[in-house]
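Next up: the structures, one after another.
Below are two complexes that have chain A in common, paired first with chain B and then with chain C.
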Partner chain A sequence: MDILASTFFDWGVNLQLLVSGLALGAIYAVVALGFVLVEKSTAVLNLAVGEFLMLGSYFGVAFFMERKTNIFIGTLVITLVMALFGLAIHYGIMRPMVGQGFFAIVLATIGIATVIRAVVQMWFGPLEKGNLTALPTGTIEVAGTSIRWVDIIILLVVLGSVGAFLVFYARTRTGLHMRAVASNIEAAAGVGIDPDRAYAITWAMAIGIAGLGGVMLGHFTPSVNPALAAIGLRAFPAAAIGGFTSVGGSIIGGLIVGVIEQLAGGHFGTKWREPVAFGILILVLIFKPTGLFGQKDLERV
Partner chain B sequence: MTSVTETATPASRQILAKRTPTWMRALPFLVAIASPVILDKISWNPFGGWKLLVGFLVLVGIGWFAWSNAEHDPDDPRLSLKLWHRADQRALAAVTCFVLMAIPFILSTDWEPPMDFPWNSWFRIVNYIILFALGAGAFNLLVGYTGQLSMAHAAFLMIGTMVGAQVGLIWEQSFWLCLPVAALAGAVLGVFFGIPALRLRGLYLMLATIGVHFIILLVWKEYIVHQFGFSGMRFTTPNLPSWLHWIPGINPEDGEFLINSQFRWFWVNLGITTVGLLFIVNVVRSREGRAFAAVRDRDISATLLGINVPRSKLVSFALSSALVSVSGCMLSYYNRARSEDSFHLELVLDYGIIIVVGGFMGIQGAIFGSIFFFALPMYFEWMREELPIISDIDFFSRYAGEIDLAIRGILVVVVLVWRPDGLAGLWQAMKKRALLRMQAPRRGVVQ
Partner chain C sequence: MSSSLKIDGLSVSYGPIPALRNVSIEVPEGGFVSVLGSNGAGKTTLVRTITGVLYLQKGKVTSGSITRDGQDMTKLKTRKIVTGGVAQVPEGRMLFPQLTVEENLRCGAASRRDLAGINDTLSEVFDLFPQLPPLQNQLAGLLSGGEQQMVAVGRALMAKPSLLVCDELSLGLAPLIVRDLFLLLDRINKEGVAVLAIEQNARIALQHSTYAYALEVGEIVLEGPSDELRENQEVQDLYMGGGGDSREAYAAIRREVNR
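The block that comes next holds the complex of A and B.
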């Protein structure tokens, strides 16, 4: 670990790292939202979120790089297609597995992840693609440092869509049903809410948001390749620091972790990114096991 | 009205009275082990090879053990805690032993199977299956029996490898010293990294142990770069200690006996894995193991039952990580080379697939899962290359690795959806049906 003293207090560098950290954090927030939404309402930890993001990036390659689709139409289509995938996963795999142990269902999602990785490599070939360029690619000068437009746009798009989702979740009738099922499935079924439908909508939305995040991720990274799926694991600290039961907390957690990772990686070297993020995660979990914003469940014996 | 139960002697008492002494039950094993030595000493070997003789005697001994002195009392509840207490279980154990001992001799023949079935590479696969079964069994002790969802499995494989490299390569000690040191280091560090389990459970514990994985991964990368440079570790060939050279069939060359072939590795791996898995089975049957199960099912209720829950969790972490470290050390020595990127987090998920597809509970699951994990890709590869129609399709040979991945993923999902208790559950169900069919009356016979 060699601290580069010249860059450590260089505010220009720090501002650059901060903005790219916020953009990375926005993507983490999307992944964490995918985790939290599914985990909160269906008690399934979907480890395939990273693979769905990668799939979204590859769809971005297919639409924007090979067919030059309009960015708005393409993103909409990708999100809808991914939502259909979410429905298929719910009806095909998760509903027959209701009642099985936590770890078994987690491994079923890993099976899904494996299939996605294999199919993507078969379909798009083993070579990595360049990054997507459908968003504006230039830089902007702020306070003496250049900041990529892509970072700013990603931050805005993600915050906007997640905010729209939160409004949907809090204000609409379907969102109310989703929250009710997440809170207590039997009581929700007792008052006439269809848990199956709520689960299906949850899966569709979680995977659809992951598709949107995938398009953004394809613009953020230098190249689109199958290793992008590792972002699913790297977003764990974001979800857990925010609290696994809090949708809003996961977004704040994502931004915090993204900034910390970029600062640690920028000053100490990239190999410190995961250890720092996960070290903070362990500390948070030891002192506050439900995360910063999580709610504490009452334990019934 | 007189009660029958008061007058009758409890069936369990009678069994205790009739039980065969331990030394008598051990007799066939002792004879089987000692006889080749004696025969070797008087240089009389009518079977034309010690291998046949040892195999024959062990088979006779185990068969005798299997069919004699089985304790017949299905009502004794304590019997369910015993290993191999029914005759069919003993017979199956005997057959398993025989098959296991026959495998290396069959695989080391020159026979060439039809259609280029990959005969020689199966030896490597069998060795990997055995080594992974040990690691998966230890993982299952922690995840399956105690319910502590730990993802620090690869971390302990790394710790075992680091201990093996430090003791065996840098301090230049024997391979056989590495194993107990790795077990000790694994147990101590397992207790240390198990401390988060005292406060966390389920998903949160899983996240904390992923953190442990990344921290140890950092240590591993630093260690390997500082001690071995960027080329990675190169492990030496283990040497059987000289005080074991009296065993018949071991012919030292220049005073040393190197474990340098698949055949020799097979016996080392099989011995250590058998000891490890039997250890796990016995732990599970003990009071400690029942406490593990209580902690898994409901830890608060376990506290009310008088179980020291933190102690149980830490003991489980210690035992599991000690065995995992040993398996990591063995895997590295067997593998010969390790580099910075040898242990991914995906490796933990692979072990998870092994134990869940094999069957979450029980040692059988670890074994079936390892076979599933290693033998199936091998089989698919052979089908892809040799079967007449499939080998002509260009697509299959071009995307070989991806197709294997996809098939594995699909099979994992199918097994989990179709049979939640895994391949071991399937096997148990098949066995039960076969036994029922054997006992059932013939159709058409009037009773």
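The block that comes next holds the complex of A and C.
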């Protein structure tokens, strides 16, 4: 087969694909992290994850393309604004809907997604923008292959932020209370933890981190356009690998999906990327529905 | 004597369905009081109301009040109630199964502001339950039922309560473990913490409490000093497996009360 003959055993190409796959996977990982966090804590299936990611990319256009804001300040502001957006969603939509059925709330998230898409089109127009270039654009030679700086930086930024989040989640008092609410809301309320506050923080973090992911995606992708929302849906295969409950598992899941997808796209053509990513989702759901690292049900009594 | 908890004419409904009707209960400061009641009597509803988590089940207080030291706490948020010294051991233990034993215990201190004191309380709890320190880093969901109940009691104690409300501590546990847990409640009580033990297991509850109430279908049908209730034939028939149909025994109690 000529495919095999061309690039399959070209380790330089494989290294490039691996690094860019990890960068892309890191973006999936933050989105999956936000998705799982919200799902686990508040039992809301947030189908607008992709749109939040895309919104982050468009904020990137507004800050870095139209205004040349400093990358650090701009990224920080975007993350914070998106976090405020998360708060607004909690207080404005999710809290008033408490007690409504599962589907009503899922439909509300689809409504949010539609509104974001519409607002983005009104604001930025339907045409695609170029990619963001606020991060270094050059390449570096590694083992005779040129690797994009952006890929390396995206990977480091995301892993750094996710790591910081995990430390917060695992080690701080607020993180403990958030985990308690996710574990058993009635028990958490019974010891005096305010579930509402924990939900608000969860939404703020999930959407804030999606904003960060969006800025990174805007640098990764060749163009910022409304179709980026579809990229956010890769959070689902990533989350599935984590069994939809494991925060750490979904991060690893994101990296796995990103790498497999880049390898498939690089060797067999980009049209393979999406089917491969969602093929993983279906395979995991069929053969390992609790995820590759999913926790067993610990409720014994 | 001043009271640790005074419930006065409390009525509670879930939507249109009443669960408690005109319930009045008093726990003296440092006292040990029990509330007996069979399945569906309204025991858990009573606990939810005292601890302010009724709203999670869409329950509403329709009349009556709950006061501590003359201060109304019927409408307080759980956080305030816990800060005010009321901690609960919920029915079915309700631990956080995916969290470790230590994390579960620390959650009990969620409403405390004296962060520095929390570690001291943790050591006190570990002293009280010597079985727990070796399990400190175990996930709570993997413990045995008895161990889980210890964690649940310990978690409540982490709030440094002056009133401990226990909802069916004995549920699903072996008699020896239940006995040990109640001996522990005695110890906690001796240290000045008032105990309100809500129980289906009347035998053990009456052994350890000084005063008791019987709650049936949402109403207090009987009350008195625990040793008197222990001798009461109806109480024996209804709660202590004295034989006979419990419905009939319940009817007998109603006759007794209404006489």
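In this text, the second predicted complex is superposed on the first by the 292 of 301 C-alpha atoms of A that agree within 3 Å, B and C clash if a C-alpha of one lies under 4 Å from a C-alpha of the other, contacts with A are read in each partner's own complex, and residues count from 1 in each chain.
As a convention for this text, a residue touches a chain if its C-beta (ideal position, glycine included) is under 8 Å from a C-beta of that chain, and two chains touch if they have at least 3 such contacts.
What you see is a predicted model; the values in this text were computed from it and never measured.
*Asks:* Per the contact definition in the header, classify A:V215: touching chain B only (first), chain C only (second), both, or neither.
*Replies:* neither
*Asks:* For A:R179, select first, second, both or neither according to whether it touches chain B, chain C, the two together, or no partner.
*Replies:* The answer is second: A:R179 touches chain C but not chain B.
*Asks:* Let me test your reading of the model: by the given contact rule, A:I207 touches which partner, first (chain B), second (chain C), both or neither?
*Replies:* A:I207 sits against neither chain B nor chain C.
*Asks:* Does chain B (first) or chain C (second) touch A:A187, or do both, or does neither?
*Replies:* Touch status of A:A187: second partner only.
*Asks:* By the touch definition at the top of the document, which applies to A:L107: first (chain B), second (chain C), both, or neither?
*Replies:* first
*Asks:* Decide which partner touches more residues of chain A, taking chain B and chain C as the two options.
*Replies:* B
*Asks:* Check whether A:F278 is in contact with chain B, with chain C, with both or with neither, and answer first, second, both or neither.
*Replies:* Once the two structures are laid over each other on A, A:F278 reaches chain B alone.
*Asks:* According to the stated criteria, A:L233 is in contact with first (chain B), second (chain C), both, or neither; which is it?
*Replies:* Once the two structures are laid over each other on A, A:L233 reaches chain B alone.
*Asks:* So, does A:E39 touch the first partner chain B, the second partner chain C, both, or neither?
*Replies:* The first partner, chain B, only.
*Asks:* Report for A:A83: first if it touches chain B alone, second if chain C alone, otherwise both or neither.
*Replies:* The answer is neither, since A:A83 touches no partner chain.
*Asks:* Overlap the chain B and chain C contact sets on chain A and report the shared residues.
*Replies:* Chain A residues touching both partners: 299, 301.
*Asks:* Can you tell me which positions in chain C touch chain A when the two form their complex?
*Replies:* 51, 53, 56, 58, 77-79, 81-83, 87-88, 90, 92-99, 103, 106-108, 110-111, 115, 139-143, 145, 148, 155-156, 159, 172
*Asks:* Provide the residue numbers of chain A that touch chain C in the complex, in ascending order.
*Replies:* These residues of chain A touch chain C: 99, 173, 176-177, 179-180, 183-194, 295, 298-301.
*Asks:* If you look only at chain A, which of its residues touch chain B in the complex?
*Replies:* That would be residues 39, 45, 47, 93, 96-97, 100-108, 110-115, 117-119, 121-122, 233, 236-237, 240, 244, 271-272, 274-275, 277-279, 281-282, 285-286, 289-290, 299, 301 of chain A.
*Asks:* Taking the touch rule as given, give the residues of chain B at its contact with chain A in the complex, in rising order.
*Replies:* 143, 149, 196, 199-200, 202-204, 206-208, 210-215, 217-218, 221, 298, 300-301, 304, 345, 349, 352-353, 356-357, 360, 399, 402-406, 408-413, 416-417, 420
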